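Each chain gets a letter, A, B, C, D and E, in the order it is written, and its residues are counted from 1.
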Amino acid sequence: MLQVSKAPGSPATLLEIANLTKSFDGVKAVEDVSLRLREGIITTLVGPNGAGKTTLFNLITGHLRPTSGDIRWQDESIVGTAPWKIARLGVARTFQDLRLFSHMTVFENVLTVMEKSAWFWQSEAGSGAERHQRVHEILEATGLQHNAGVRANDLAYAERKFLSMARIMATKAKMWLLDEPASGLDPRSYERFVTLLRGEVRRGITICIIEHNLEIVVSISDRISFLDQGRLLADGEPEEILGNPELSSIYFGERNS
Amino acid sequence: MTDALISVDNLRVGYGGRVVLDDISLQIRKNEVLCLVGHNGAGKSTLMNALFGVVTRQGGEISVDGQRLHQPEPKKMAALGIGLVPEGRGIFPGLTVDEIFQLAMWATGVPQRERPERIEWVMSILPRIKTFHARRAGTLSGGQQQMVSIARALLSRPRCLLMDEPSIGLAPKLFQDLLQPIRQLQQQLGLSILLVEQNVKEAFKISDRVLVMRSGAIIHETSPEALADNKVLMQFY
Amino acid sequence: MIAYLVNLATLVCINAILAITLNFIMGYAGIFSLAHAVFFGVGAYVAAFIALQWTDALLLQLPAAMLIAGTISAALALPALRVRGDYFVAASLGFQVLAATVFSEWKSVTGGIGGLVGIPPASIAGHAFSDPVQFLGLAGVTLALVVVLTRAIVRSSFGRSLKAIRDSESAALAFGKNVALIKTLSVFYSTAVCAVAGVLYADYLSFINVESFTIDASTLFMAMVIVGGIGTVWGPIVGAVLLTLLPAALTYLPFLPRTEIGSVQQMVYGLAMVLLMIFKPDGLMGAKRGEA
Amino acid sequence: MLLLQLIINGIQVGALYGLTAVGFSLIFGATKIFHFAHGASFAISAYVFYYLYAVLLVWWPFAILAACILVVLFGVVLDRYVYGPIQSADGSFFTIFVGSFGVAVVIQNLIGTVFGRGFISVPSALSRSVETLPGLYVAPTAGIAVVTAVVCFVALQLFLGRTNIGIALRALSESPALVRTFGLNPKAVSTCAFALGSLLVVPAAVLTSMTSGLNAAIGGRVMLISVAATIVGGVGSLRGAACAGLLLGIAENLALWRFDPQWSEAVTFLILFAFIVLRPSGFFGRVVTS
Amino acid sequence: MWPLRKVAVLAFSMLVALAGRASAQDLRIGAIFPLSGANADYGDLYMGATELAVSHLNDTKALGGRLSIAYEDSQALPQQGVIAMNKLVNVEKVSYVLSAFTGVSKAISTTATRSRTVAVNGGGVGPDLAELGEYFWNVIPLANFEVRAMAPYLVRKRGLKRFVLVYVDDPLGQSIKRELESSLPSLGATLAEALSVSSNAQQFSGVAARVRDAKPDVVYIASFGAQQSQIIKQLRDNGVTQQLASYSGFAIPAIASLPEAKGALFTTQRIDWNSDDPVTRRFTREYQARTSRAPTAYAANYYNAVLLYGTLASTLQKAGLPITGENLLTKRREIGAFDLVGGRVTFEKDGTIRSAMQINEVAGEPAVVETVAVH
């Protein structure tokens, strides 16, 4: 592993990945990755398609089981924990293909993630009215207030992306894993998205984001982790990573060679 | 334009009421590498598939050699000398390379007696395939698979190749290794290539012309050099 | 004539309960069960057994039947947690065939193929529902309760969780939904209420045997849901009404040869399934849908 | 000797199950269509053979040929005019399943109306068993069944491996979209799958009409067995379907060794249920757990 | 809306059908037969006989009005039977219903008793049919009589001592098994094996292996309709060469025409088709003419059931009494003995007729080989 910077100890580590490996039929999608996601900052995962970024997310959220290695959430190992339990610990995510609750309305999509009830009654504290109020706030923040009664399936592309964000905002998670949340957005939507994200970070959300858009990477990242071929090539401050000619040649192509 | 091999006018494509391509017009000229860039979801792959007749268009015209096509279909396009190297691998993992070639030639109607000769010709262009032609495609490495996919498209002796993100899943080094032969091939055979690529820096090195797509529309046409200098446009991918 | 219509109406009520409960797991939980008749049968057998051995008290038969059916539903929940789609259909099919064999073999409880004869009419607080009109009232009230309860659940947070799982199981997991528990509970609810229909059926017909609880019955219930419209409120009820009345209506068609009525009835509903799937896959009451 | 006899019976029955299951598996694997009316194909070919051979006294190869033609026609028409429209309109597995199920119901009753619902069998000396060892009775049909099954299976493997259509069928099962990109019409390939898969029921149908005989409801049972064998063998694996068919036939007969005959059908479904819960991917299949 | 329209159409067609009902003095009885499904063969057979009886009764004008039968299809399934029975009782308002099949008969008996409708069985032979209450009559001797006639014949006359039973595990099959178990030891014979098969089974090669393995002298088959043929064929195909025997279920054309069944023995009630009595002669002659089949015991039974109704109803009409189930029952008890096909019959206390039995051999057409007196 290319050591770009010595880990600065300042913010506490929320999630720690240690020597994580995941292979599918012998092919290693993630290989010996060790990474710390620190509290209150935005860590960006960059790397070419197929580098294992989404696989890493799936490993963290428990959708996949690692072949070896450990994942620790606030110093507790969460390997083998069911995804819904990991979610309740405070890890929420979006999906690259969104996976909205497509036959439900926008309102229901947001409301249902606030509700933890597995039994026939609502086990969470807080009245229904409060929840409805909160849903409306979120829909307003994401610009979906006029689409509350529309089925997710019938939304336009950008609106779906915002619904995906609205859903994650409705959780009480401390950490968000965002898988290419801004891809395909037009410039105006994209501005709205960045503003939204900055606001959430100020609220104290820890974010790990997979992003290709250099602009976003540069403007929002507190740290960048660089993956390629399932391996973590570098991990450090944006200037260090982006300033490293070797890395940028892998990802952004060689300059003037 | 007289040197247009393929021209597309006002092409529209949508799925279930959602417009994916809106009023697209472009030309692929003879003997050029045209690079199509844009974000995920901008409609690049859909454009390619619509061109090749995999996706049904809802409006607009597609012409090859100035001849309007009533309804493009993969088989017809192949007969007109156009080959598609689709996104992903474009191979059937359970089939051997030989079988994939056989299937491709059968599908595009290459006469039986010409088939061995075609395979020989392709193997002479991409000689490395000889070392693994009997293996199942699923067991090959990413680069080898991509090579098979390109070879498969070449079997119909195309004048134009449509290549959809050949870099996906390839190590950057491998991709570089792939691009140079593609360029050589293009020059050697006088091919036109429409290249969709995210890895623009690499792609630009072999491109003659660049189209920038966003939200189902072409927003800019330029040369690779000009685009690389255009900071405003560069930030969109 | 009135008595005959009352008879049909009672059967419609019972079938509607079955269709509603099946729709609950098919339409909202995405669990396509071909074993619904098993739980219908369990309800009926439990009621009949209790009625013949101990008491005709409905309020005792109901909870017993619901509890037992709900417990057995674990056999359906288990594959539902493991596999989906065609696999689950096949698993439920296997379960249905196994259960039908047990129904016909466990003679000390089910009476085998001969069935259980002379089941006394149900009673509540000593009042026996032996009059068909009264029984129709009982069935109607039960149906109404089931409709109200099921609607309430579908619209509750539990119902939303269920639909979320149906639309994207992985996303539901990622948002903290205990998918296994929710699926298990939904199957439990569906089968327990299904057993209620079984209790009514046994008490009403006063005779039950395995023929009413075979794969044919399961497919009939499924056809009701599909014809009416999966995942809709009124669809299963409409389906139950139509498919229950269909055989009765066909017997009134004078030009049909007597020997072919059974076949014609089957062909009509087979053909209806095919045509519906081609032209209106969402069923008669199904909403217009956008892209799938 | 009873044990040996039961195993041999099981092999005969299982060989035919295997063939039918391979047909279903081929269709399901290539087109992803849960062709529940596969049992109806079986019934159609069996009754056509019966009618031509035993009633109209047509020479047997012609009768078989006619059965083949009709059953292929049935499969192709079904693919074109029932599954095709459903797939282009909605296409969820369940919609197709229900449509297919409806077809099966219609055919079963149609056969009942036309040919009667009673038992029918094709008189043939081939089904009469002879004592080959003391206490061991084997009918020529047993040998014919096994040989036919092996020949058909080998021929199928060769077809899939060597011919263009065969390769296209395998390609279709991996990616219909890519088949289209290659320049083939996936619908045409899918029609081939139906033709071939339907054709595979003919030997089993003809032999069954001679051995255990027919009734209008026979399709349902054949279908259940095919589904069970396909899943136990592993979806997408023809080898698996064949082996599982054989296994189910043997298991069903071996169950007779210790249990009452009425439990033997339950054995099949117990195996199916156990496989789905414990090993949903079957013997050779891909992993399908959610 | 489409569904509503459909419902309306259905409702309308029902009303039209109702409006076309016959006039008041005409008589109507019900019949619940398997008219479709695997046992439709039987329904067909029964219907030929009942239609003949109706035309005979109407020809003689013994009744005040025309008699007709409302047929309902039970598919030999109990549930369908109950639904049909409810319809006959509540809509058609019949007081007399012909029933068939043990399971169906048992299922409808509760309704029969509760609504005081006479149900008459001429086809089911399960012995428990004798215990279904006073409104349930049997114009057929039940299976226990059949076994009691067949077993001694096989043991004593044919010297067959080792029995194997292949039976469908339903009330009929179970009672035959019980009857064999209790009667064989006293005859010095044994029931070596009893193999139950499910009612929809089609594969019997394994069963045949089990049968052979038990080394029987005679194989007794207790099944129904189409399945019987399958069992016989597969037993014969798979090396079972021993004598086959069965109950009256074999008295159908499908068995008579099955080459493998040749030589099988089965019991039916004793009917002398060549008897001189006018009722039997008329039936035999016209049945043959009308259906081009030889008469069978089943046909005679259902013919008799309709005839019985005719006798009772005309007596009631002469006495000016309404034709209700209650009155029919009273009259049957009063009259006691009836002249029906096969001679004069009397009813036992439990509403079942007493009749001599005969043993038939399948030989193209059934041939009587032995008659057995009532005991």
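Here is the rule we go by: contacts are C-beta pairs under 8 Å (C-beta built on N, C-alpha and C of every residue); 3 or more make two chains touch, one makes a residue touch a chain.
Since this is a predicted model, take the numbers as computed values, not measurements.
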Reference subunit B; chain at largest CA-centroid distance: E
Of B-D and C-D, whichever chain pair has more C-beta contact pairs: C-D
Rounded Å distance, subunit A centre to subunit B centre (Cα mean): 32
Whole-Å gap separating subunit A and subunit C, where each centre is the average of the chain's CA atoms: 43
Inter-centroid spacing, subunit E versus subunit D (mean Cα positions, whole Å): 38
Sites on subunit E at which at least two other chains make contact: 36-37, 40, 169, 198
Overlap residues in subunit D, where contacts from two or more other chains coincide: 112, 262, 265
Multi-partner residues of subunit B (at least 2 other chains): 18
Contact set on subunit A toward subunit C in their complex: 61-63, 82-85, 87-88, 92-93, 95, 99-104, 108-109, 111-113, 115-122, 151, 153-154, 167, 171
Touching residues (chain side subunit B, partner subunit D) in the complex: 49, 52, 54, 73-75, 77-78, 84, 86, 90-95, 99, 102-104, 106-109, 152
Residues of subunit C that touch subunit D when the two form their complex: 32, 78-79, 82-91, 93-95, 97-98, 101, 104-105, 169, 219, 222-223, 226, 260, 262-264, 266-267, 269-274, 276-279, 281, 292
Sites on subunit E touched by subunit D in the complex: 36-41, 169, 195-198, 200-207, 209-210, 212-213, 225-227, 229-230, 233-234, 236-239, 254, 259
Sites on subunit C touched by subunit A in the complex: 153, 156-158, 160-161, 163-164, 166-168, 170-182, 185, 189, 231, 289-291
